[in-house]
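Questions regarding the structure given below will be posed in turn.
Labels for the chains are A, B, C, D, E and F, by order of writing; each one numbers its residues from 1.
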């Protein structure tokens, strides 16, 4: 699985399940950080007054998370297809 | 200490002092990188002429660092309070 | 090699060649991520219509990569000189 | 996974969470200072800047908890859909 | 490097590539959602936003492959220049 | 900490510093190229872009050294305040 557009040496032995599990944990925490940051930027504009989220901000955040996760899924499908066509090209 | 708003399984054994010390080193280097980047953005605007910092830029950087560290402290207090109230809610 | 402007304790034993090799791999992958992101921002503006890169975008990307790598080299020379003068100051 | 691996994995999870908390702390200061710092004529934050940083930090913490809950709702819903073989 | 070190290094290379792919996935979603999400009146992406995200993701993937090829051309050219003692 | 742990910690400190230097190098190129690159009609940086990148890099390096000194002054001042039980 590599975007460097050239054939890589066959990896010696597959990745350990532990390594994969850890990378998934890191991936979700990166996803969470990015989604929170972006929904904050899009939904919370005024920094004066109340320090609670108002009703508008709360519903904006809920919709932002739902749409972000939908985008995550859609981009995942596109990346998968690109990977498969890359592998096909390299006779992988 | 987690922002995922749900109760986590009790960590098996506490973090090793070595792990904590290493994380603190990483935290300060991340703080330093972010502070330098932001003070550069706020204090250094013109990229032509002299390649030394002029007097105005130098005093701006000194004040930027001082205010940034003050913000670091203030946000630390707020995060600590939020953590404590989160733990209280979960009967932590 | 440190920007913290004070003399560091002599590192106990030099870094292992393995550690250096791994850091170089990480550096190039960070360089690649930054360069792709910046050239995307500079060369790909419209997100509607064709999902292929048009001729203009393709030549823009080629030039962006070539100029980015030239900048990488030039900044490398400047950093090296700054490091040497820092070491000279500290009688390194 | 063997008990030792499980232990190691929980250790990683716990260390990752601590890393995330420290990273969020630094991100929060960076974001709110960038948003709220207006001038550099003094070495101290003025009242307006301090108020802005407090509101910014409080709102970001509340937003993060809310995002965590919505994120879990969606993951649980997806698991149920997959179990029921439903493709949303 | 000893065979064991080589093995360890290849393992690192392979794990780094997987990490890069996951990081690119998250970066791609972040960048294209930031670029393409216009309003938050509904919980679902509308057609315009979906189309924009698709084009954005496809173009970014194609751009990344092209950057990789150009990057390799430059590295190979540099190696040749160095070998021929040419200072461009 | 035992001598072995101390050795390990110094090793980590030293490796972290190298990582920071490489990260600063990449950040510096990213920031100054973003700031200074104006057009993409040629494969080479023009004189104006080259001059801008040089000034940007030099200023950033000088700023980083100055931030490091100010940062240390504040940390030392905080340590003294804490020792004297002073709450600024």
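As a working rule, a residue touches a chain if its C-beta (ideal position, glycine included) is under 8 Å from a C-beta of that chain, and two chains touch if they have at least 3 such contacts.
Since we're looking at a predicted model, the values are computed, not measured.
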By label, the chains that touch subunit A as well as subunit E are none
Least hop count linking subunit B to subunit C through chains in contact:
2
Common contacts of subunit B and subunit F?
none
More contacts between chains, C-F or C-E
C-F
Counting contact pairs by residue number and requiring over half to coincide, which of C-F, B-F or C-E is equivalent to A-E?
C-F
Which whole number of Å gives the spacing of the CA centres of subunit D and subunit E?
25
With chain centres taken as the means of their Cα atoms, state the distance from subunit A to subunit D in Å.
15
In whole angstrom, what separates the CA-based centres of subunit B and subunit D?
14
Of all the residues in subunit B, which ones touch at least 2 other chains?
26, 43, 62, 66
Residue numbers of subunit E (touch at least two other chains):
20, 23-24, 32, 36, 54, 58, 64, 68
Cyclic ordering of chains (reference subunit B, direction subunit D):
B, D, A, E, C, F
Quick one: which bits of subunit F touch subunit C in the complex? Just the residue numbers, please.
7, 10-11, 14-15, 17-26, 28-30, 32-34, 36-37, 40-45, 49-50, 53-54, 57-58, 61, 64-65, 68-69, 72
In their complex, what parts of subunit B are in touch with subunit D?
1-6, 8-9, 11-13, 15, 19-20, 23, 26-27, 30-31, 34, 38, 42-43, 59-60, 62-64, 66-68, 70-72, 74-76, 78-79, 82, 86
Of all residues in subunit B, which touch subunit F in the complex?
17-18, 21-22, 25-26, 29, 32-33, 35-37, 39-40, 43-44, 47-53, 57-58, 61-62, 65-66, 69
Subunit A contact footprint on subunit D (complex, rising order):
1, 5, 8-9, 12-13, 16, 20, 23-24, 27, 31-32, 35-36, 51-52, 54-56, 58-60, 62-64, 66-68, 70-71, 74
